[in-house]
Amino acid sequence: MKKYWTLVLSLVLVFSILSACSQGSPGGNASNGADGDSTSKNDGPKKYAFIFKNTGNPYGEKMMEGFEEAINEIGGEAILRAPDQPTAEGQIQIIEQLITQQVDSIVISGNDPDALQPALTKAMDAGIEVISVDSAVNTDSRVTHVNQADPEAIGRIQIEAVSEMIGGKGQIAVLSATSQATNQNLWIEYMQKELEKPEYKDIELVKVAYGDDLRDKSVSETEALLKTYPDLKAIIAPTTVGIAAAGKVLTDKGLGGKIALTGLGLPSEMASYIESGVSPWMYLWNPIDVGYSSGFTAAALVEGDMEGKAGDTFEAGRLGEKAVVEDGDGTQVMLGEPFKFDKENIGEWKDVY
Amino acid sequence: MSEYVLELKGITKRFPGVTALNNVHFKLKKGEIHALMGENGAGKSTFIKVITGVHSPNEGEIFLDGKPVTFTNPIEAQDVGIAAIYQHVTNYPDLSVTENIFIGHEKVHPKTKRLLWREMYQEAKSILAQLGSSIDPKREMGTLSVAQQQIIEIAKAISTNARIIIMDEPTAALTARESEELYRIAEGLRDQGTSIIFISHRFEDMYRLASQVTVFRDANYIGSWGVNEITNDQLIVAMVGREITQVFPHKKHPIGEEVLRVERLGKTGYFADISFSLRRGEILGLTGLVGAGRTEMCETLFGITNYDTGSVYLKEEKLQIRHPKDAMKKGIGYLSEDRQKQGLILQWGIGRNITLPALERFSKRGWLNERNEGQLAKQLAEKVHVKAKSVFDLASSLSGGNQQKVAVAKLLTADLDVIILDEPTKGVDIGAKSAIYEIIQDLAAQGYGIIMVSSEMPEVIGMSDRIAVMKEGRITKMLERDEFSQEAILAAAMSETPDKTKAG
Amino acid sequence: MAQKNIQPYMQRTLSADRPFSTRQFFFQWEWLLAAILIGVIALNTSLSPYFLNINSLRDATMVFLDKAFIVFPMAFIMIMRDIDISVGSTVALSSVVMATVYNSLGASMEMAVVTCLLVGAICGLVNGLLIVKFKELSAVIITLATMILYRGIAYIILEDQASGNFPEWFGFFGWGYIYGIPFILILFVIVAFLFGLLLHKTTFGRHIYAIGHNDVASKFSGVNVDRVKVIVFTLAGLMSAVTAVFLASRMGSTRPNIASMYELDVIAMAALGGISTAGGKGRLIGTVIAILIVGYLQYGLGLINIPSQTLLIVVGALLLFAVIVPKLNLSRFKK
Amino acid sequence: MAVQTANVPPAEPVVKKESKLASVAKFREIGLLIFIILLAIGVQIRNSSFLTVENVMDMATNTAILSILAVGMMLVLVTRGIDLSIGATLALSGMLVAQIVSINSGFSPVLAVITGIGIGIFCGLIIGGLVSWLGVLPIIATLAMMNIYRGFTYMVSDGKWISSYQMSESFVGIATSSILGINTLILIAIFIYIAAYYFISHTRTGRHIYAVGSNPESAKVTGINEKKILMLVYTLMGGLSGLCGVLWVSKFASAQGDTASGFELSVIAACILGGVSIAGGSGKLSGVILGAVLIGILNNALPLMNVSPFWQKGVEGTIILVAVLLNVAVKRGVERNHLLRRRI
């Protein structure tokens, strides 16, 4: 009797896992890796993998969408992955699995610039083209990097915006993601550099607060900023959760128009606050395009159209020709300036991403 | 109208692998105190649970006032006026006295179902007053003494307007004085027309209270007699199934040199100024009311807790005991009062239990040798005559007496000089009791110094060579063998200490 | 329940031979686990052509074995009816201290690794001491507080920095092979073997089980309960530090936020391995199989690119399965 | 549990003992209150905007959700259980409700709240069933369901967030509107506390929860249905989590897959600070409120005091550890005095 039940339950488990798998696959990747009898690497379509920071993040989903679109145009097979927590450990696991699957290329938005180096080096040793996108990994662990926008430009443009919003004078604060977010830290660095210019001498950056990309914490931090600095004129939040939380606090407290808000955020999250004027305008690039061009970059490398050296060029589908430029001791592909979202255009973008 | 308020006919209750009750009968009159007796495992506890609706019987009928009834849960039995006070106090330590009294039948507003606290407090107060107790009904249950908790249990039974109250070993944890208080309450209830089923191991309880006695043995009904119709010996035969002639085997054992000396031992809040000495081959009885500090004192000797003042000498060597391990190394062993909680690991086999205190005896540098372990366990288990098939039999499958023997065997693993036995026969049935007495006498004859803590006076008097009586944390009297008498002990246990004013 | 064996056995000798029952032998949790492991391997093999291959199976161990080291002491802790939820934070703190000692204090890497192990052990020791000194508080409360505290100290030390630049050879821990076998796998086997011996073949292990069943009776039997607890919690800290070394080696650097939520994975693996949090039960071989089950299941499903949210559900279901099945068996069996 | 014959101190004159024990019990909450007041004064000195009406209101609003969940958690802890899945349940309910609202903008807020509670109750029922009928240990059952609910949340969201522009004014208004100048969230929390107070101290079922936690064995003999009580407690916890899911989404005007992950630890910490015993049987609403307030103040004050973000966790951990250890030390001291005063 006991044995019987054990058997039955084991079977139930196996089936439930099986069904979970078959249910899960379509949402995760375009076509199942096991479908083709791709025993050797050169058979069948080339496999292009994309690893984002964590699952359930619309910014990443949009990037993956663009990536998949590009790979479909090329005729390859797209594998889209993300760990459930935004950790380097999770990404290392996925990289290992992709190496075993003998993919041709990995495009990754890194959770840590350095921690992935051993894993990515291993991948490159296995003949996989590694490209970072959005959040760069260090130059030793990648062939090239697809940069959504020049960080210097991102820093500069936000200071320019704030200066214009507050008339070049007053206290400002920054509400960032976690204290360890590399992208944000880099941008804040450039903001601080920009502020050293004489035309901004009347603008004082009073504090950099960290909302950890958590709603509740971002709200508390925003409220603390408002109370600690009663003369605060503007908040720059270069992260979606942060800018949306700040927008919510300013709306609820009726401070729209009194304290300016700008930064980087998804149009969908920010639509209400831009339409209401709490945030006059803000910036972001198009994550779909970022993913799309990373797909073509990967393809160009895999097909041998270029080597990822400075000066190389390649065709990036609907985005036209792109060039590889130098970036410190490595190279990168730069994609134009961040895009400005304001009352006029937010309506058409809020449903896109 | 039937002569009996409660009548059970042909009750059989089977559990997987065991028949706990086999065709038993019971008749209870109105206003009667009826003693139910039998050894452990005779089926008394199951029987109560059948009456109170916790278990439903496989066969048989229950009649209440001559009408057949069936109970499917405890609430139904409660509703018709049956209440039980269980052997192990079953209360809620975190809740107030009032809640403990009314739990399961709280007074609620007829419409809103809101709890009527004020009414409950008042009723609790009046019931307690009726029982002659002044316990505050708002007190937390966990802060009461065991005897006080017992009173609350009775109050709980009264609050349900019970016509039939079952008391399962209510005096087990009580001192003589507290028992007397309980007798008084039970008689009061009887006089008001309540029927009481009284379960006890103690013959004194039965003679003092009951008018009728029913005996179960091995799940069977043996018989029912008026208390005056049956002699003590007949009753024992009925319960045990054989005659037990000598209850206290007093063997001659030579008393040797001093082995343990305790000087002015004290622990803040528990006991103070304890001095005595113990010689080889001597059995020192240690008695007094529950809460007099006996167990606490013995536990410090064994290193469970530490004493604050005074000193202990073993064979003239001053001891520094921080932990039971030290005590056992030096030669002091302790058989704890609560076998199930402190003595044995019930989920383990006999063998593992026996060897636990002395793993190093058959292991090298921490490595176990299971073959040697089995041999040692077998040897010791046989020495104390544990009745079982194999050393792998689970401790939980043994009877109370056999469990106690295993606990004694554990002591024999160490090289001891002094053995402290805390209530060694508590919860052990008569048959096994005399076996344990025999073992104790044997141990004394082998030259161990023995301290026996006990609340049962016949036992202390029958077994000891000397008796120390404790009261409120001090030894009030040291009795030599020719001074032994129940009166002398009681007097010392309840006396006013001469230097009390000084201590206060 | 009521005991019927009152009638005395006339025999006065006891058998000292362990009774052998084929029934009991085969109805062991570990057999079921082994069957599941085979099922998982079969499932993965059928789903992915890359799975059943020596290199793949071998390299997978490098992916999931890091936290496995903590499972063993956690099993000890759970057998003793305690729990330690601060292990993830201990991993973070010890690795951060290691990196800081190496990079900021200029110590040699060998020294740094030793410091890391020391810090881990100290974290565990502090847990253990607090638990035995404050018996009124359960281990959950104390390790919950130290979980926040240890992670907090890691943040104070390293702030927003990552710290790395370890020497070349340090990468060997996480990435190296000896005769084609991953170093981490070799160490895992050794550690599993040692912990197995410790639990099943020594007096110390016997004491752990005794405490798990009945700590009061153990104390009365002369078992130094406090000492055993402190040692086991220290071991948990030490093994967390071992995990920290491997993790830092695999990532070539460390940060205060690594190993978050590791405690939950570790507890889940121990529970799946048959370690009951009700105390006293479980064997080490079960946890070893459970580690392999969880590891290969995650790895194999990763090979067919299952989204990570599905993996969450699968691991949750597996854990439930592990705790429910024995109960169903039992209730069925009793009838 | 019930009988501590070995170590129960000797019986003493009744009246004397009670007054002391009562004062110990009172001391617990007063101690916490004094700690909170001292902390508040300290923060006020550093930043004068701390004790302004506005900030206190903000603090109360931000703590409301935590404090609501703490009530449910207290009941779970009282029955000797624990619930680690509340963050995941909250996220699942929030996400589903937000999706409904985004598709159907006319969905009434009241209905949204009810739907959220319903989803939460469903999640709680499953856990209750596992714990009570199958006897799975709460920590394991809720750990497993935490994974499962979180996985479901990601699945149904398909990686997308529901943003503020997809939510109707009225839905966002659930958490942002105010009555008589007091935020709705605070009012909801107050209402929950009043209801909970009535429930646990004036109804039979409420008291039975404490009875089961205090002594499960006796509960069986008394005829209290332990399974039903456990079921009820986890269902209530689920319902409250579901409610908080809606409130959370409404308050922040956004639903994400990773909403409130790790939030369960803050809730448990609030309960522990409030003196709820993990061993079951005891726990007071007044204590839980104070515990939640303390956590709320920490969250609010650390940024206000310009504590470096890197120090925040360390400070938080230290305060929790010190608070619990101090509590034990005080209790021991009182017991020690008690023993000293006893006459031998």
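Residue numbering begins at 1 within each chain, and the chains themselves are lettered A, B, C and D in the order written.
In this section, a residue touches a chain if its C-beta (ideal position, glycine included) is under 8 Å from a C-beta of that chain, and two chains touch if they have at least 3 such contacts.
Quick caveat: nothing in here was measured; it's all calculated off a predicted structure.
Engineer: Starting from the defined contact criterion, work out which chains touch chain A and chain D both, please.
Structural biologist: Chains in contact with chain A as well as chain D: C.
Engineer: State the smallest step count from chain A to chain B, taking one step as a move to a touching chain.
Structural biologist: The least step count works out to 2.
Engineer: If you take the mean of the Cα atoms for each chain, which one ends up farthest from chain A?
Structural biologist: B
Engineer: Roughly how many whole angstrom separate the Cα centroids of chain B and chain D?
Structural biologist: Distance between chain centres: 42 Å.
Engineer: What is the distance, in whole Å, between the centres of chain C and chain D, each centre taken as the mean of its C-alpha atoms?
Structural biologist: Inter-chain centre distance comes to 30 Å.
Engineer: Can you work out the whole-Å distance between the CA centroids of chain A and chain C?
Structural biologist: Distance between chain centres: 35 Å.
Engineer: For chain B versus chain C, what separation do you get between their C-alpha means, in angstrom?
Structural biologist: The answer is 42 Å.
Engineer: Provide the list of chain C residues touching at least two other chains, using ranges where the numbers run on.
Structural biologist: Residues 159-160, 307-313, 317, 324, 328 of chain C each touch two or more of the other chains.
Engineer: Which positions in chain A touch two or more other chains at once?
Structural biologist: Within chain A, the residues that touch at least two other chains are 24, 27, 55-56, 84, 179.
Engineer: Mind pulling the chain D residues that touch 2 or more other chains?
Structural biologist: Chain D, residues with two or more chain partners: 150, 153-155, 257, 310.
Engineer: Touching pairs of chains, which are they?
Structural biologist: The list of touching pairs comes to A-C, A-D, B-C, B-D, C-D.
Engineer: Give the list of chain D residues in touch with chain A in this complex.
Structural biologist: Spelled out, the residues of chain D in touch with chain A are 47, 49-50, 52, 54-55, 58, 62, 150, 153-155, 157-161, 163-166, 176, 248, 252-254, 256-260, 299-300, 303-304, 306, 309-310.
Engineer: Which residues of chain C touch chain B in their complex?
Structural biologist: Chain C reaches chain B through residues 1-9, 12-19, 201-207, 210, 213-214, 216-224, 280, 334.
Engineer: Within their complex, state which residues of chain D touch chain C.
Structural biologist: 82, 130, 134-137, 139-141, 143-148, 150-155, 257, 265, 268-269, 272, 278-279, 308, 310-318, 320-321, 324-325, 328, 331
Engineer: Applying the document's contact rule, which stretches of chain B touch chain C when the two form their complex?
Structural biologist: 15-16, 18-20, 39-41, 43, 45-46, 218-219, 302, 304, 323-325, 327-328, 334, 336, 341-348, 350-352, 356-357, 359-360, 363, 366-368, 374-375, 377-378, 381-382, 385-392, 397-399, 410, 414, 431
Engineer: With touch defined as at the start, can you tell me which chain A residues reach chain C in the complex?
Structural biologist: 1-3, 5-6, 9-10, 13-14, 16-18, 20-21, 23-25, 27-29, 32-34, 37-39, 55-56, 79-85, 87-90, 92-94, 96-97, 99-102, 112-119, 122, 178-180, 185
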